[in-house]
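Presented sequentially are two complexes of chain A, the first with chain B as partner and the second with chain C.
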Partner chain A sequence: MPSRSLLLKLASAVIFFGAWEIAGRIPVSYAFPTFIESMEALGRMALDGTLVRAYAETLRPLAIGVAISALLGIAIGLWIGLTEWFDWLFSPIFVVMQAAPLAALIPLLVMVYGIGLTSKVFVVCIMAMPVIVLNTAGAVRNTPHSLKEMGRAFLGSRRDIILKIIIPSASPIIFSGLRLGISAGFIGAILAELKITPTGVGDIITFSRSIADYASMYSAIFSIIALAVIFLNLLEKLERTLFEGNVRGYASD
Partner chain B sequence: MAMLQTEPAAAAAGTGGAIAVSVRNITKNYGDVEALKNLSLDFPRGQLTSLLGPSGCGKTTLLKIIAGLLEPTSGEVEVNGRPVRGPGPDRAFVFQDFALLPWANVLRNVAFGLELRGVARSEREAIAARYIREVGLAGFEKSYPHELSGGMRQRVGLARALAVDAEVLLMDEPFSAVDEQTRRKFQEDLLSLVKNENKTFIFVTHSIEEAVYVSDQIAILLPRPSRVSEIIRPRGLRQKDVANIRRDPEYLDIVDRIWASLKSYVE
Partner chain C sequence: MPLIVGLAGAASAEKIRIALAETPSDELAAFFVALERAKAKGLEYEWTAFSDEELAIQAVLSGQMDIGFGTPYAVMQRAKAPIRIIFQLSKLRFFPVTTKDYTRLEDLNGVPILLHSRGGGTDAIANVIEDRLGIKFGERSYVPGSANRVVALLSGQAVATIIDLANKNKLMREHGDKFNVLPMFDVDASDEALFANLDWIKANEKAVDIFVEALLSVWRDMNDDPTVIARETNPDGPIGQLPKEILDGLDDFYREAVEGGLYDRDGGGRKAARADLEWYSLAGQLQGDPSELKIEDFWYFEPLDRAIAKLGG
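And then the complex of A and B:
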């Protein structure tokens, strides 16, 4: 029931923020503000335009990187999943990419692409793309053999079988890859701003920490997490409208 | 109990046009495994032929070769005199594991074969609705496969195969995953389907009773090496009332005979 799940979400939010407030009041650390202080700082930055300017900056590499990762990632994943030799050629790249310590790659990226937008988009993509590619490829390869055979028996073309059988069958795993990839992309966007050049939300975090304005720092972190959660919820809605029957469960029992 | 006939494997073909599907010297190897060896068999038009044999003797392999889903290592399959090169509109398949799309409702699943053939939506849904009624699933058009019992799922699979109106219906142990009561109902329904639809049925089963109950012709397949060991035509049974078949002496006699020849292959 949607109302019940909403209530549960609200309850867990109340518990989490309550714990934050209490931890801030004890205080756990001199550098840890209360929830209310942080929200005040957030309200202040929202009103004076700091937040809007920061997000205008941060969202650019994030949006471009996430869009590239989603489109290219799904396309490459489909391709890897559908063709033997492509799997052999490209799969290792994404496995390495997923395992690579990003911080170690950033100096390399900066050397090649400078400190501008390109490097930041790359960081987002490196974070977001591998899990999208690998999930998509795995899901495509695991399409039940008998469904593909059924498609052939009823005269489906290769294209029909991909569009009407393989992709819908893979969609739950593709979407879970998208969710993981996009959350990683959010982390990548902030990481890029902390490690390459302090701009946008990363700049608020760096600057407010340097002047010991911890309430602003935590409110900036809070805002990016909130944005990620909202975005992931929207993605879930999209999945539901696109593949209604899938969410209703599988007849594999 | 006279009407029982046994003939050698490569039975002489009947009169011209009486044979819908003809399998000639099929051999199929999976690597080192010899699944079928030099197998020949004719399937009379408008009749139901069972492929009966212990599991692993190559029944599914043969059926998929006829369907054009598998390539034989050597040999030919002809449907209406034309060699099979792949799946075709003259054949429809009912899968042992149903092979329904879990994300599609009953209506779309039944219409799926027509959808793949490019039939317009309203037309294919009208046809599908008719076959959904015919297999007794009226009212379940909007249900999803996971909401149905095994027997109902196989009715969806059957309706999907009927909806494309192929001359030859290939059924791979369609009733093996449903409970005994449902299975008996299915067998009765299958008999009336054979009578009313002018189609050729090729029906795989490992149940002797089922084969004798529904078949015009039974091909007994034996493993190692896989071959057609016997063809049995329980002709007398087809004239009789379905309610009495299981008590009929001829029925019991044929079941016994088949069991006698299969017994030595069961560990």
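And then the complex of A and C:
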């Protein structure tokens, strides 16, 4: 017997894709394909290797950007959370980064870093890093005082208190920051490919739009969303493995 | 028939809504002069600038706009949208520009080239060059916007690209010692054209006639005397509000454009339609043998024919 949550997920998928199919059949616009047409296009692109080549291109800035954002973001976030002067120094940068209208700033990035990989990695990082840093810092700063005091009462070293109390206690918020940051990173990767130079999945989207092959266009968008969802689910699994008992309801399953 | 078209159709009877594919700039000055002339004949209009051609096409498709800017051949063929082109605004006049290392197109065999977008106009130009000269470019990279490709060229990120007339002239004026413009054959296909929903055109015949007639008269006057654009530009209109340097450059811009053959004095018509079908087939926008495609499936000639009949051939 499948679990209730799986059934609910399946039901919401059926409702969503059903609505898509109906909207495509009306059609709401000449430029809106049905769900089945889009899935056919997806299958075709998967079989002829277009998708594989596109993802080989798109995943590069995405993976580098997300890796930098996650590692550096959590490290900076911890530091900001632990030291007050560092908070004063660095928090404003990330608040500004988070609020910046990135699409409008892309020409500036291109001017400085050119049209290659570096600019695209930057776009991913600018999208992903602030929320990771700010969430981590906030979570660390808000570790219950009583827990830290208990650590000290048991003669724990500063290292013990950080590794055994602060990080586990902050883990749910750190992971929710990671989830938000990484999904923003996916958005950044596609934004970069649409706005800087069309490569990979961004190229499929712009090219199929320019030749009015809307089924391929929507299937490429669908594929990147699907990939993001799968990745975020894996991240939740990682969180549950690493910090069992500390999940506190953020990671649903 | 999409629902939105039906709903929007009723509201659009008075004012025609024009979807521009870019914000008003010197390139659009002639178009706005034509709008002023049409307004004097009683045409009511409003315009919205979209950030790119695809959005303008979508807005016309969905019925939120009446007349759009662009060359929506693929949309007409693949999505079977009932839209038709009525006037060719400008021809695809693009120029291969390279560093001093190359002097002829033949030299570009195997050389990487920077183009606008895959399947776009400059991509087609590159295909035709390869086809006619029997060469093969090296890797093609894509950077939308001639101005951005000039930046890439200047910063040494590219050695060869294809750019539009205005940017070519600017580049050669400022950095003519570093770059070559390679000689190229003429192209009659459209870069920008005006299109609209066929039902809407037929339902608003009078407004469309006024508009096309105004365009044709401006395009002809401009070919005879390019300074007419600067003289007739409304100082309170969107072009009149542009910075003084741009307004001062209007005469040069249009003189060079007219000399470069950018504007057809008869609004393109059947000749342009035929050239477009061949061109956009090569570009990969249209499928099938271009000689079997019917120009009537893509263009609606009546307003232009009536305007030519009225203004004389």
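One rule holds in what follows: the second predicted complex is superposed on the first by the 245 of 253 C-alpha atoms of A that agree within 3 Å, B and C clash if a C-alpha of one lies under 4 Å from a C-alpha of the other, contacts with A are read in each partner's own complex, and residues count from 1 in each chain.
Going forward, contacts are C-beta pairs under 8 Å (C-beta built on N, C-alpha and C of every residue); 3 or more make two chains touch, one makes a residue touch a chain.
From a predicted model like this one, the values you see are computed outputs, not experimental measurements.
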Quiz prompt | First, second, both or neither for A:Y214, with chain B first and chain C second | solution = second
Quiz item: For chain A, which side has the bigger count of touched residues, chain B or chain C?
Solution: B
Quiz prompt | Touched partner set for A:P198, first chain B, second chain C, both or neither | solution = second
Quiz item: Just chain B (first), just chain C (second), both, or neither: which does A:D160 touch?
Solution: first
Quiz item: So, does A:A104 touch the first partner chain B, the second partner chain C, both, or neither?
Solution: neither
Quiz item: Can you list the residues of chain A that touch chain B in one structure and chain C in the other?
Solution: none
Quiz item: chain A touches which residues of chain B in the complex?
Solution: 64, 67-69, 87-89, 91-93, 95, 97-105, 112-113, 115-117, 144-146, 148, 153, 160, 164
Practice problem: Spell out the residues on chain A that touch chain C in their complex, using ranges where they run on. | Solution: 26-31, 110-111, 114-115, 197-198, 203, 206-207, 209-214
Quiz item: For chain C, which residues count as touching chain A in their complex?
Solution: 2-4, 54, 58, 61-62, 72, 74-75, 77-81, 117-120, 141-144, 148, 151-152, 155, 157, 284-285
Self-check item: Complex contact set, residues of chain A against chain B
Solution: 144, 146-147, 149-157, 160, 164-165, 168-169, 171, 243-246, 248-253
